[in-house]
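Note that the chains are named A, B, C and D in the order they appear, and that numbering of residues resets to 1 at the start of each chain.
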Amino acid sequence: MQINFYTLSVFLIVLGLIGIFLSRDFIKTLIGIAVLESGVNLLLISIGYIDGRLAPILFNDELKKSAVGMVVDPLPQALVLTAIVIGVGLLAFGLAMAVWMNNRFGTTDVSELKELKG
Amino acid sequence: MSILSLFIIILTVVSALVAVFSKDRVVAVLALAIMSIGLTAAFYFLQAPDVAMAEAVVGAGLSTGLFLFALKKMDAEKTKED
Amino acid sequence: MSIEILPVLLFIVPLAAAFALYFPSRRGNKPSKIFTFLSLVANLIIAIKLFKYVVVSGPVITVFSKWVPPLGINFYADFMAVIWLLFGNMLAMFALFSSRLSYTWRFHGLILLMSAALNGLILSGDIFNIFVFFEILCLVSFALVAYYKRKESIEAGIKYFVLGSVASAMLLIAIALIYGKAGTLNLAGLSLASASWPIGFKMLVFGLLLIGLGVESGIFPMNGWLFDAHPAAPYPVSAMLSGIVIESSLYVLLRVKALVFPEPVFAKILLLLGVLTFVISEAVGFFQRDAKRLLAYSSAGQIGLMLIAFSINTTFGFIAGLLLFVNHLLSKGLLFISVGAMSDRSNSRDLNSFASESVFADKVAVITGGLSLLGVPPSLGFVGKILLFIGLAKASLLGVAYLLVPFIVIEALYIMRLISRVYLSDGKGHLECPGQLVAQWLLSLLLLALPSIVLTNGQLKNNFAKKIIKPINARQYVASVNGLTRKGIDG
Amino acid sequence: MLEGMKNKYNLSGILASVVVVLFGVLLLKTLNTHMPFGKDKMQVAAQYVELGGSSTGAQNMVTSVVLSFRALDTLGEVTVLFASAMAVALLLAPGAVLWRRKENFVLKVAAKWMPYLVGLIGAYIVSQGHLTPGGGFQGGVIIATGVMIMLLLAGNRKRNELFLHSLEALMGLSFITVGIIGLIKGGSFLYNFLPNGKVGSLFSAGILPLLYIFIGIKVASEFVSILDRFTSKVEKDAD
């Protein structure tokens, strides 16, 4: 049975966006962003996948001689590796803002923040 | 193989739904970690062991830790002020 | 020393300086400012060298790790890019020079990273590499907007953060689609491959790119963050955000559009968005009571004008766009530095009271900058706007021109209000940092002198006419990158 | 009921969700028509595969893409982490340990030895990055996770920020220095100036393992400094 991973990744993208739009708690927004980014990463990897091929690592001598037609696309994997680390860098900063906001105002609700006087 | 991957997909979908719609923030963060584990398996099925490893250590390990530390820090600072 | 390493240095020098700034953890504000200033001066010198070379002898391509373009990443410096680089680095230097002494070394490190990311963003010829630089730029801008750690700055930072994260995800989806369809990420390769894409697919990818890059460049439906972030940021950062950051994203958008989406329908979309951005920002800006927010609305309006100019797709439009860019960069940088410094001194951003602590240099700076921004005759803005109208008329878009006129008048009204407030203030404030004064005077002088330099320098004028006539010369770009590819495969 | 809904989700949010779902359908349709799942779509990557191990000497082709063909992306990515650490430090000031635990023999031993064990695994993964799955990022994050375990278990903490910052700066500068040596020797930034060696052996692939070691240490130290800020008290209005 062939499973189409495009569906799963688009589902995660849509879910993440909905999470971002519907949540007012900044922490929940960050979770939505994390889901969205995971979806995009899965999308990139799915685009690089080729049926019946191996991971792009030259394990044995046969592969070392020539890997043409034997391995999946290595480029999207490299891109996703970069994207994952960038995502966690952004997440750390977002959480730092949330913590700061909570420390100063006792809430992470963005709509409540607007009504407070600072 | 295909039953396993189907299970993985269902796990990912359900945990993603919980992560986005749960009211409890800790539950949401843990669901996010489970979603990352599901994604790790998905990456493994898609012949991307490098990315699977990165997703496992970053998604399930580090970012969950960051979230939980941040939530704990918030709680600690909230009770301190009361 | 070959010329190819200059673009690399433009990225590496500020980056290495930022790393080096991290070394002794406890360092004073003043030494770190001097160090940062020196590396930005070095950057400016490199940018001037590159500018001279490119104006005389054409574009420069730099490859990395010795891999020819479709395999590796390449930098591409053409005429438009070097103009962006030259003035961007100049503004970064002036903004830093005018900064207050109370800013810590972390602030300076972030400014250096911002400068590195901007240079990389402008130069890069690979769409995923553009994404990476874009992320650095976003993260650094978020941090700098939230620098003061006040309520409004955190609020602006959060708004900016959420929009920026969604935008970068959209950009990455666009990159995924592009890669899946074309199998390459190099812009020159994409330019060749995209000719055969169906229009529906192109529309989707263009829409995603527009969201991705449009948020940072402040195009109409996505520019909500801009009006909170610009006022909340420290004034050197406001000057850089308004003068070069949003323009760099605009430049990337225009470059990708010229190379990958050459169809006229995309130019029409951009024209429409430009008109909407201009009209709405100016109309809302008229009612602002906050001096820095007023300037932010004017920035968004100017971005709209630039977008209109560049999407007319003729020589007149192109030169008008360039002049509007240079004029906006210098005058808005000057205005943000002076108004920001004044409102920091008087601790108020209200239009009625922000100028209570002004000094003489502020008056000169605001008058020069404001009049130049509006396009009062001898200024660069005047030339730019006239050329824009000629361009619109020649492209038989006179209707758009008529639509723009009332809103240009509105902008004139509110900028004049700002100028009059500063002019009528008593001018007996107390200056905190002499760097401010120097930066203001130099920028004012530059603004006054630039029109005559542009209009009288024969060599520059000739080269202008000969070399850069095509708006972002797509054909030349593709040809030169592909030439490099062939040479690499033969050798 | 309707009141509650209105309070929880505003109308514009629901409208946006509908638009997002439509966008998802469009995206899925585009994906399936233009780039069918599981088919060979390689263009540039086909050349990477053709060149194989001989191009860079790395057995892991993802590593050769990350560190050789697209090494500039990696430098940019390390810079993102650097900026992130800087930005977090800007917002959250260093302070005392936020929470303390009761001292307990098992926890004490675990806190003492676990980080070393995890760090060893991380170091192994960093050093094998050009051969097997893994590398600087994964290994660096694992080392940082080891430190995270220590932060969770330990009651007290000695903070050596100077050392951490110097490490971050030094690794970043080393990356650039290797690039500049390539520039001098080969005329191109980040050029692989060391011999490729035999594909599959530990000392192969030229500068790639070297770069991964720099990245590993840098990633680990960035994340440790970020985690440190998240586990200590905020002292109001400090730097």
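Methods note: a residue touches a chain if its C-beta (ideal position, glycine included) is under 8 Å from a C-beta of that chain, and two chains touch if they have at least 3 such contacts.
Keep in mind it's a predicted model, so treat the numbers as computed, not measured.
A.B. asks: Computing the C-alpha centre of each chain, which chain sits at the greatest distance from chain C?
C.D. replies: So the chain farthest away from chain C turns out to be B.
A.B. asks: Counting C-beta pairs in contact, does A-C beat C-D or the other way around?
C.D. replies: C-D
A.B. asks: Hey, how far is the Cα centre of chain C from the one of chain D, in Å?
C.D. replies: A distance of 30 Å separates the two centres.
A.B. asks: Roughly how far is chain B from chain C, centre to centre by C-alpha average, rounded to an integer in Å?
C.D. replies: 38
A.B. asks: Please compute the C-alpha centroid of chain B, do the same for chain D, then give the distance between them in whole Å.
C.D. replies: 17
A.B. asks: Please output the residue numbers of chain B that touch at least 2 other chains, ranges allowed.
C.D. replies: 49-50, 54, 58, 62, 66, 70, 73, 77
A.B. asks: Multi-chain contacts in chain D: which residues touch at least two other chains?
C.D. replies: Within chain D, residues 27, 31, 35, 41-42, 44-46, 48, 60, 62, 69-70, 73, 76-77, 80, 83-84, 87, 91, 133, 137, 226, 230, 234 contact more than one other chain.
A.B. asks: Would you mind listing the residues of chain A that make contact with two or more other chains?
C.D. replies: Answer for chain A, listing residues that touch two or more other chains: 5, 11, 13, 16-18, 43, 46-49, 55-57, 71, 75, 77, 79, 81-82, 84-86, 89-90, 92-93, 95-97, 99-100, 103.
A.B. asks: Touching pairs of chains, all of them, please.
C.D. replies: A-B, A-C, A-D, B-D, C-D
A.B. asks: Which bits of chain C are touching chain D when the two form their complex?
C.D. replies: Per the stated touch rule, the residues are 2, 4-5, 8, 12, 15-16, 18-26, 62-67, 70-73, 104, 106, 109-110, 113, 116-117, 120, 128-129, 132-133, 135-136, 139-140, 142-143, 146-147, 149, 173, 177, 180-186, 189, 200-201, 204.
A.B. asks: Applying the document's contact rule, which stretches of chain C touch chain A when the two form their complex?
C.D. replies: 128, 132, 135, 138-139, 142-143, 146, 149-152, 154-155, 157-159, 161-162, 165-166, 168-169, 172-173, 175-176, 179-180, 185
A.B. asks: Can you name the residues of chain A that touch chain B in the complex?
C.D. replies: So the residues of chain A touching chain B come out as 1, 3, 5, 8, 11-12, 15-16, 18-19, 25, 27-28, 30-32, 34-35, 38, 41-42, 45-46, 48-49, 53-57, 71-72, 77, 80-81, 84-85, 87-88, 91-92, 95-96, 98-99, 102-103, 106, 108.
A.B. asks: Looking at the complex, which residues from chain D come into contact with chain C?
C.D. replies: So the residues of chain D in touch with chain C come to 26-27, 30-31, 34-35, 41-48, 68-73, 75-77, 79-80, 82-84, 86-87, 89-91, 161-162, 165-166, 168-170, 172-173, 176, 179-180, 182-183, 186-192, 239.
A.B. asks: Please give the residue numbers of chain B that touch chain A in the complex, ascending.
C.D. replies: Residue positions touching the partner: 2, 5-6, 9, 12-13, 16-17, 19-21, 25, 28-29, 32, 35-36, 39, 42-43, 46-51, 54-55, 58-59, 62-63, 66-67, 70-71, 73-74, 77-78, 81.
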